[in-house]
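Please find one structure pasted underneath; my questions will follow.
Labels run A, B, C and D following the written order; every chain starts at residue 1.
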Amino acid sequence: MTPEELLDAYEEMALIRRTEKAAHDLFMSGFVKGTTHLAAGHEAIAVGASAALRPDDYVFATYRGHHHAMARGATPEECLAELMSKATGLCQAKGGSMHLTKASTGMLGSYAIVGAHLPMAAGAAWSAKLRGSGQVAVAFFGDGATNIGAFHEALNLAAVWQLPALFVCENNLYMEYTPIADVTAVPNPAADRAGGYNIPGEVIDGNDVTVVHEAVSRAAERARKGDGPTLIEAQTYRHFGHSRSDPAKYRPAEEVERWLKHDPLDVARARLEAAGVPPETISERDRRAAQVVEAAVTAAKNAPEPDRELAFTDVWADGSATWRT
Amino acid sequence: MTPEELLDAYEEMALIRRTEKAAHDLFMSGFVKGTTHLAAGHEAIAVGASAALRPDDYVFATYRGHHHAMARGATPEECLAELMSKATGLCQAKGGSMHLTKASTGMLGSYAIVGAHLPMAAGAAWSAKLRGSGQVAVAFFGDGATNIGAFHEALNLAAVWQLPALFVCENNLYMEYTPIADVTAVPNPAADRAGGYNIPGEVIDGNDVTVVHEAVSRAAERARKGDGPTLIEAQTYRHFGHSRSDPAKYRPAEEVERWLKHDPLDVARARLEAAGVPPETISERDRRAAQVVEAAVTAAKNAPEPDRELAFTDVWADGSATWRT
Amino acid sequence: MADVITYREAVAEGIAREMRRDSTVVCLGEDIGAAEGVFKTTVGLFAEFGPQRVWDTPISEQAIVGAAMGAAMTGMRPVAEIMFSDFLACCWDYLANEIPKARYMTGGQVTVPLVIRTANGGGLGFGAQHSQAVENWALTVPGLKIAAPSTPADVIGLMASAIRSDDPVVFFEHKALLASSGQRPPDGHLVELGKAAVAREGTDITVVALASTVSVALKAAEQLQGDGISVEVIDLRCLVPLDMRTVLSSVERTSHLLVVEENPYQGGWGGTVVSVVADEGFEMLDAPIKRVAGACVPLPFADALEAEVIPTVDKVTEAVRRLSAY
Amino acid sequence: MADVITYREAVAEGIAREMRRDSTVVCLGEDIGAAEGVFKTTVGLFAEFGPQRVWDTPISEQAIVGAAMGAAMTGMRPVAEIMFSDFLACCWDYLANEIPKARYMTGGQVTVPLVIRTANGGGLGFGAQHSQAVENWALTVPGLKIAAPSTPADVIGLMASAIRSDDPVVFFEHKALLASSGQRPPDGHLVELGKAAVAREGTDITVVALASTVSVALKAAEQLQGDGISVEVIDLRCLVPLDMRTVLSSVERTSHLLVVEENPYQGGWGGTVVSVVADEGFEMLDAPIKRVAGACVPLPFADALEAEVIPTVDKVTEAVRRLSAY
């Protein structure tokens, strides 16, 4: 990444971080219903990967997917409005936090059944291959997803069919409240499985946006050349609990501390400073991000409620929900 | 195996072989309805494994499971009667060829959904561990089963919980009509996946009953010591087609020929002869097997049809099928 | 070309016709390529369209249907085969939670134009895990269209509509009908999803049937004719959209309703049909509504036992007689 | 011990009571151990019974339920948790094809005494993949017993019966009821599977409800009392065994039936109840049978939209009024 690119990445990460913080506060104060799974701490994975992809590539994410939606162009306002059940939400308030989707920019959805979207990403990659489009499809998923059947089936299919698919595991050491190490037979839950599918697997620092950018660039190039899928395990940590108001007491204090010191924003800032970018230039970006998010919160709060009739639209492609005559 | 044990194993294999041949003929002549998946060619796996197990160990098999039922004590007559829809069948003609079960000797069923029984075997092993019984549970499955999600989940669970489970793949190179090599990312579909679960995986000659016996003995011992599961990939070949009347034209003639030359009965016979067992002693066993199967065919043919009321029994443990008042 | 075609051939023919007109139609499934399908329902496709359009898969039902979904969201029209409908249970998450919900929960941002074809039903002695009629599973999930043809012409006509549909369609091919034959429909033959057919006109009682139970109902109607009972047989053809208008207008004339369905009574699709009639058609009824459905047991292996638990002509004639004697 | 207990606490208490009396009862599931369950329905179990009785699993629904099955066949009584009932789709093969069929297809050789517990239903704004009421999925499968309690006492009483049952039981714990509270039943409290409760007596109309819809029906009944309409509310408590005797004997007195169910109308369990009544209870009826069911759409996220598509007190009162005006 050039310093300019890195600066943009920094700003995008700052935007995500602040949006997540806003989402957290809005949840705690009752503006957001249901549940949220915040990605604060995971920003470098979404932003680094996105910077390595073409605009027409496909992305599939999990219920912890705000960062991927935003990295692929969803605005904080659209996201927050969705979380707040507003008509201006990304999915018209019909999806919610767990299903952020921005199809117009290739962000084909956030899926809340662990592992389910890996085969979908394989399918999108298959489609790209069939159409000769040169696109790649990326599935982002958690460490916990590596023990579910769909993971295995998707990896094997993608390998056998040599699909232009990237499987990016965001290993944050925990499933909901249980350490992944307690329930997985290998130390690196994703990368250590790559051999079973005869594909490259690597463990990377998921909190360094430049490292993510490089790894995803390499994998995407490999995929576009027709050499098949890659499995990337990006180590990271979540700053909030698993969901809603989980205080994450199950995590040892020193582990939390160690990881908070390795904050993706700090890592990027250090790299920028090392590249000679003046601190005030960076802070300027921070300020801009803060303003955008502040405005987004206000706009989302003021946005209208969804029309009740939306409950009965878009089951079918013709827009209707008619199941009988 | 001692020569005496090997001789018994030989006879058991001969019995299975002849039963399978009888089943084939009975199917072709209309006495067996539905479908059958014959295990001729796979005998050494069932017989070698069974000889290495304790009588109270558990076995779970697939729709291609006649050999496992017989190796665990089901008689040819019970099996053929089941295939012929007779009241004297192993499962009262309610299961059929694909579901042979002999619970009284720990053969806990044949399952016709590929891969489904691997988690069950893990569960039986978990039960043995909880009860401290020293039993092991063995799942036999095909090469094709290694690409289904349940395989992955079962192996990981068994590894994490260090269960006394043995996973024995009968790799006969084909799924139904498609070579496993065409749809699997690694050359050894089972053993090459063992690393992903941090358990031992080995490829063995599944047509040599002494090799199978040794490998299963080692794995069972490991399991009983509390050292967890083992994955064994036993290479073999089926003599008939996949099911029913499949002539298996999709298999190259020279491949078939090569494997027919490596018939498990011939391998055992050669070993017996090398150990100094006189040919006529061996032939005597062949004759005995032939007689048993001949008598079994007659008895099964003459057995009564099942009582129609059996259709409405044993849904529930109380013997009834009542779902409403 | 012969005028007559089997149901089995009609499946392949129906797919081939659409593959010819639309290059985005691609097939995937186990043993569907060179092996031409376990039920020989994809005969000729691999030869005509080659490995870029007809893909053999591993035994990975989740990957098959999940990949079909991903491809459908990105410009293709996949036709995925799940060999036996019982195995839909192995990828049920995709049918229950993913495919039917993607459009709705994204506020209409994506469409999922795919077909999941599967061999359904019993009567062949395949036992408990290979004989179920499971259209009712799919009926529990809003967002899936459900086709279950009873004739070769309908196979072709509904297949065309299913593949052209921008909505996901689960397409049930009945195993017991594969060898049956009928008129080969002309090129371009289309049967709209959600239009029931009156398979036989009658005045005394309406029998609603689907797939395998249509011929059971027709045979029963034939026999009952001798007793002077005139039976109208309605072939629903689809469960979603469900053509209740045709059912209700028939019941308006006959005042008697019997539903004949292969799935078990508990949770069977007949319950949905009956409850619409028991509500909206209550005043039309002159007698109780009856259902001849599968027994609430797993499917037993032996032919004689299987016949005890699935609908038969005898069970239908008996039910009709009881109803008309009411 | 307090006399009052929440539904959530009742789940853990119900399990604990059985674990105390039978050492073969073991629990497994995701985050059920030290974390005490995502819904806090296993609070105290890990502390009391330790890691040999309460097992945390990987995210592997097939392994969880498949292992429970294998353990149940070999002497244990596993209680498996599937966190949200929607995820039953991820292990549906075990519920549809394995667990309910093993006994039958082996000619009675094996029994599968297990409980699959799961948090079911909507009303909490969890969106399309975490809000479904899916008892009707289980109803499509002969061989599963199905419990869905509406009160803390029933949670405990039915849990005891479920765990002691030699048959597999799917146990639906309704998410929207978890915080509700009620009488703590005495030790040894048992509620037999398959016995409906008359939650409120009435004379004009029978309302059949289950789990979350029981309180909806009761609130509606309270309001309707003001209008002089006397509503009898039946809490089915189980779908299998299905207590049609209680339903039919109520309808015999009221001549009017309304079913209130959370699952979608298409394929919903109400269809089965209605079709029994439309057959065996036809002569008792003075009016059409109606169902207030979930709309045939996925569950939308926003509260206001979700309320549009699931049963509410208003929808029930309106339906009752229409019925009694008939």
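By definition in this document, a residue touches a chain if its C-beta (ideal position, glycine included) is under 8 Å from a C-beta of that chain, and two chains touch if they have at least 3 such contacts.
The model shown is predicted, which means the values in this text are computed figures rather than measured ones.
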Chain whose average C-alpha position is farthest from subunit A's own: B
B-D against A-D, pair bridged by the larger set of C-beta contacts: B-D
Separation of subunit B from subunit D, taking each centre as the mean of its C-alpha atoms, in whole Å: 39
Whole-Å gap separating subunit B and subunit C, where each centre is the average of the chain's CA atoms: 35
Separation of mean Cα positions, subunit B and subunit A [Å, integer]: 45
Interface hub residues of subunit D, defined as touching at least two other chains: 57-58, 60-62, 86-87, 89-90, 93, 97, 100, 104-105, 127-129, 142-143, 240, 242, 266, 295-298, 300-301
Of all residues in subunit B, the ones touching two or more other chains: 91, 93-96, 99, 111, 113, 147-150, 153, 156, 160, 182-184, 310, 315, 321, 323-324
Contact footprint of subunit C on subunit B as seen in their complex: 33-35, 82, 85, 91, 93-96, 98-99, 111-115, 144-145, 147-149, 175-178, 182-184, 250, 305-306, 308, 310-312, 315, 321, 323-324
Complex interface listing, subunit D residues touching subunit A: 30-31, 33-35, 38, 56-62, 86-87, 89-90, 124-130, 266, 295-298, 300-306, 308-309
Contact set on subunit A toward subunit B in their complex: 147-153, 155-156, 159-160, 182-186, 192-193, 195-199
Residue numbers on subunit D that touch subunit B, as the complex places them: 26, 52, 55, 57-58, 60-63, 65-76, 78, 93-94, 97-98, 100, 102-111, 113, 142-143, 165-167, 194, 240-246, 276
Residues on subunit B engaged by subunit D in the complex (per definition of touch): 58, 60, 89-96, 99, 101-104, 108-109, 111, 113, 116-128, 130-131, 137, 149-150, 153-154, 156-157, 160-161, 310, 313-319, 321-325
